[in-house]
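Some structures to go through are shown next.
Look at the two complexes coming up: subunit A is in both, with subunit B in one and subunit C in the other.
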Partner chain A sequence: MVSFARRSARFPGVFLAPAIITLAAIVLFPTAYLLYLSFRHWVVTRPEKYFSGLANYGLVLGSSTFWHSAATTAVFVAASCLVTLVLGLALAVALNRRFRGRGVIRALVVLPLLIPPVVAGFTWRFLLNREIGMLGSWILPSLGLNASMLADPNLAMVSIVIADVWSRTSFMFLILIAALQSIDMSLYEAARIDGASSRQEFTFITLPLLVPAIIVGLIFRAIEAVNVFDLIYVMTQGGPGTATQTLSLYGWRVAFTSFDIGRGAAIAVVMVIFAIIGTTLLSRRVLR
Partner chain B sequence: MGGSVDGTLAHNEFVTKQLHTDPAWKGFRLMSRSLRYLLAIVALAVIALGAAQTRINVISFSQGFAFPDLFGSSGTEKSDRLLAFEKENNIVVNMEWGDESAVRQKVLTDLISGTGRYDVILLGTDGAVQTYGYAGFLEPLNAYLESGDFDAWFDLEDIYPSIIEANTVEGNVYGMSYYAFGPGMVYRTDIFDRYDVEVPTTMVEFEAAMAKLKAGLAADGISDVYPLTMRAGPGEEPSLDVTGFVYAYAGYPAWFEGGAATVEDIKANKAQPDFTGAFRPGFEAFVRLAREYGPPGIATHTWVDMMNLYSQGKAVVLFPSAINAYAGIGSTELAEVRDNSAFAAVPVGPSGKQVQSFWSFSFGINAASRNKDDAMKVLALLTGHDALQAFADMTVWPAAPYASVMRSDTLINRYGEEEVLLNEEAMRDSETHYFPYIPELADFMFQIGTATSQAVSTGDVTRALADLQKWAVETMTAAGYYR
Partner chain C sequence: MRRLSNWLLGGFISVYALFVLVPIVWLAIGSLKTRFQSLRSPPTLIFQPTFEAFQKVLAGGVGHVFGNSVTIAGINVMLALLLGIPAAYALSRMRRPARKNLAFWVLSIRLAPAFGLVIPLYAFIRGIGLIDTLGAVVVAHMTITLPLAIWLMMSYFDDLPVDIEEAAIIDGASRLGVLWWVIIPLSGPMIVAVALLVFVFSWNEFLFAFILTSSEAQTVPALIASLAGTMNFDWPLMSAISVTALLPAFIVILFAQRAITEGLTMGAVK
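Moving on, here comes the complex of A and B:
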């Protein structure tokens, strides 16, 4: 009699099929369909639909609006990742030490992560509102900043970075504090015996050992920042004008207001390619 | 109980034998068990389908505000009126609520995928009616309206012609209005009196009034009350108002050369976009007023911001989409706002024509709906005279598409006859086609609004219009208008 294990080994496909089918249905099919759409001319307001090859990609890459949005995305991603990294690291190092009330402070630091980006966006939008917001109409003007944070083309970008950093720093904090807690304390003890200062401990022990976690955190944050839509949509709708229009907003706009489904799909595909290239470069350079 | 046990058994045996000799019964026994189950399921399904009510899916925004007579103040109840309608027509009305943007996107997704998930859909006359109408996504309502079957719901003589016009594309009526508004100016009478400002009748007077208000407020050290609130956020929102300015300054919808405003006109004359030409004076005036007299955050403001500022007493004039002031007056807690607000007709521009701002919150029928006749009955329930009267009674909004509702006691008692008639005039006399009716309208509205936001935030009108012109030429060329 053939054992169950041996029969399973003969037909692995049978047992893997449910998982493969599920994966194909929820991941592969939408991705393949997106790719298919990106090769088609499909503008809702026009009757004809046909295979158009790389025409959509040509339109996208030849559009100044696309490159403007790509630049806006790059600024947002760089600023947001950098600030969340610095703040997340600082918080992780500070809250890795034992002190009274540490648990409460850690919980407070993690709290923004539990707030959906839409809610965070609305909160910051009201806070920064120049006419009625606590920050925008009261605190900032009293500090001499009279401009409207959300209506000024330059300050609007600063505003959404602040909101994003507030919302996502706790994510970086969680990754880094987990990594900090896994560092062998004997390394610090040995360093102290050798007379190392706190700064030297941080520079020569903590930071090098945190690099893999930092890279993983940055990759996650960068992917998240490239795809951020809800926060910006709620706070500025990509404005004023197109000052905070990132690629995800531009893609949505092309698909849902220009009704150009093919071009919208091409933008999404280009975003995926950008994200893959960026994360691959980042992980290969540092994690090899 | 009659009969013996033995007798019953004998009878059962007889019946069983008879059944076993019956050819039909033999055939049934020959079927496999699964086939029998399948047949039973099919039979049950057929019975269930026959007895089932038709489900009509409706999608809308304004939960709890719209249709209070049908879905209550929470938007989730079903009133006796609705239940009676459902019973009488063997229909289940399923209302799906959502945020306005989300609803618009759900409607679009449903229409382009042709699933017919929603039978009765939200439409606006600022792009959806035109774009979806031209694309064939909407069911024309003409036949229903002309059949006489819906006369009890819709009195076409009572509905303002402008409302029907705004919902009509190439002769096809695609939407029925729930509420609508024309242009207007709502202002604070107490502040006008304090600074001795007259109600302006021309745009020149309007700008002078704004300057006087600004100077007066500044002299009194008031820095958190702004002479004017308008909307200039990115996206389609400000376009209704900006293009209303353009119309008043140019005297026609100055989007394309020569004022071409239909597909046929644009194609026949190969009319190029004119955003850097005749479009500019009205656009520039809007931007100037917004920057000089509006609140600092105006480049991101939507109708909600206008409403909030007015209701909080932080704006003296709300213009030209006056309906947003009524929303603010209705919700304000400030007596000075509630008691000292008045409505005035909008000023005329240099062309002699009034600034425009017209919008209808309409509903239409999805062409992919599998139950169009029942969907029309639901549309009649939602937008018929009784629903609109109930809406006016509950919200006291002077925005009814029916003359009889506008002149009803509820509105007259609240606003007085003069103000109601001014509102009626604004709606009735609106030039609803003050922008072109073309398939690309929704896209243009979005771009114009975004250009407005850009110009208001940077002050660079030339750059914003140059970008808009370039985009418009590319779009119209790609759409095949100039072949």
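Moving on, here comes the complex of A and C:
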């Protein structure tokens, strides 16, 4: 066995190098370049470029639009994470038992995750349209809701959360059902012998054992939700006004419609820092 | 009690299935209307279905957009497998500590905010004059697809028994020989599944494609978004393009089941 290891001493490097070098070139280098850009004044439509120190960060952190977008992002992320968690958990529990047609239902539940978010956004925009959409012009008015969903600031936020939930619940479901299936069935048998009800089984066995998976799921989902761009762009472009303008959309507006690359880069860096702080807090607090 | 909860769960599953299906069906119905029918308010389900919108997709100038998406996703599949399989195999057979760090780094790329990457990529690609080229989008998409392929193949290789390859190596086979003659033949279905998943990730991606292209290299999601930004909506045409854009998702659901859970959760399940 020693000779096996020795003979292959040069082995991993040669196999790894192409992929690692590629990843370094397309991920590490841009990350460093992002930091560099965030310290520079550069508006694409103007000729002057120079080192501007922390000026971009000052502009970003001193702007009320930035903090407004951060708050909007927090609302969107919290709502989307919470709803996908509840629905994903219910789906995982429901689909963890055997019944006829489970495979088909499971495939159906997973499907939205594979659909381009741009298409998901467009489809919900179509559904919710006040004049010609099934929900917006048939169902919601017959329930007494006559407002135009995407034109009202609060309802627009509700709409993008619903569309995001439609698109991303399956992610939570996949994580939670994998965790459910790894629970040792003998725990339930023991509980049943001791006369536990199914609700007691859920609160005292299932739920505690799912906590690590729930935390991992929430962290991944939160990062994903902070980064959502496509869905919101297609549905509202951040509007009406700035009601659904999350940080991704704000950053895009600064970097690619005002062409202020330096300030856009600073926003991206601040977003990364927020994400790192958020995930560290979440994982520390609950895992301890 | 148990029966009641079965009923509740059954009811919940049915309602959720409707929630998933109704939008897709509505999109499909929308794609079969004429533009005139689509603008009727309130909408109607009783109409003469027509393939007019799909004919417009075929005849109008959007063919090259679908071609771009297929090319970009196809090149991503090839590069992700070509670079990813050897790397995944090496990671899978490496000694533990180094492997753990490298694998974690590869995984963490998936969590990097795309918005943080798109600004420097745009600035760099613009600097070398390659904005609106297929190559620019291919490179950007590899930040997603290469880690995905490495991660999936690595955890698949972890589960393969090592005795055959050890026997082959003792018989004098090189590592490359082992990979080519032993490992890859054992991994056919998984490689196909990973290829399909890589294809879908590239096909679905929007932000990079949207920022890095304008017309020549535009992809399907970028096209849908730019149509959604116009004032004069052609709902059936957009629905028809969207329906066509769904095809890869359906193919993956049908043929790539084994890579789905891990591929879509990427390390969150393992």
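In the analysis below, the second predicted complex is superposed on the first by the 266 of 288 C-alpha atoms of A that agree within 3 Å, B and C clash if a C-alpha of one lies under 4 Å from a C-alpha of the other, contacts with A are read in each partner's own complex, and residues count from 1 in each chain.
The rule is short, and it goes like this: a residue touches a chain if its C-beta (ideal position, glycine included) is under 8 Å from a C-beta of that chain, and two chains touch if they have at least 3 such contacts.
All values reported here derive from a predicted model rather than from experimental measurement.
Superposition of the two complexes onto subunit A shows a clash between subunit B and subunit C. Of the two partner chains, both subunit B and subunit C are touched by A:256.
When the shared chain is aligned, no partner comes close enough to touch A:81: not subunit B, not subunit C.
In the superposition on chain A, no contact is made by A:155 with either subunit B or subunit C.
In the overlay built on the shared chain, the residue A:239 is in contact with subunit B alone; subunit C does not reach it. When the two structures are aligned on the shared chain, A:229 is found in touch with subunit C, with no touch to subunit B. Look at A:60: by the touch rule set out above, it reaches neither subunit B nor subunit C.
In the superposition on chain A, the chain among subunit B and subunit C reaching more residues of subunit A is C. Using the contact criterion defined above for the overlaid structures, shared-chain residue A:147 touches subunit B, although it does not reach subunit C. In the superposition on chain A, A:46 contacts subunit B only, with no contact to subunit C. In the superposition on chain A, A:214 makes contact with neither subunit B nor subunit C. Once both structures are placed on chain A, subunit A residues 44, 131-132, 137, 237, 256, 261 are touched by subunit B and, in the other complex, by subunit C.
By the touch criterion stated above, subunit C contacts subunit A in their complex at residues 1-2, 5, 9-10, 12-13, 16-17, 19-24, 26-27, 30, 38-43, 83-84, 86-87, 89-91, 93-94, 102, 106, 109, 111-117, 119-124, 126, 139-140, 142-143, 146-147, 150, 166, 169-170, 175, 179, 200, 203-204, 206-207, 210-211, 220-221, 224-225, 228-229, 235, 238-239, 242, 245-246, 248-250, 252-253, 257, 260-261, 264-265, 268-269. In the complex of the two chains, the subunit B residues touching subunit A come out as 104-105, 108, 111-112, 131, 134-135, 224, 226, 233-236, 295-300, 305, 308-309, 312, 314, 439-440, 442-443, 446, 450-451, 453-458, 464, 471, 475, 479-480.
The residues of subunit A lying in touch with subunit B in their complex are 43-47, 65, 129-132, 136-137, 146-148, 150-153, 156, 236-243, 253, 256-259, 261.
Of all residues in subunit A, only 4, 7-8, 11-13, 15-16, 18-20, 22-23, 26-27, 29-31, 33-34, 37, 44, 87, 90-91, 93-95, 97, 99, 105, 107-127, 131-134, 137-138, 166, 170-171, 174-175, 178-179, 197-198, 216-217, 220, 223, 226-227, 229-230, 233-234, 237, 247-248, 251-252, 255-256, 261, 264-265, 268-269, 271-272, 275 touch subunit C in the complex they form.
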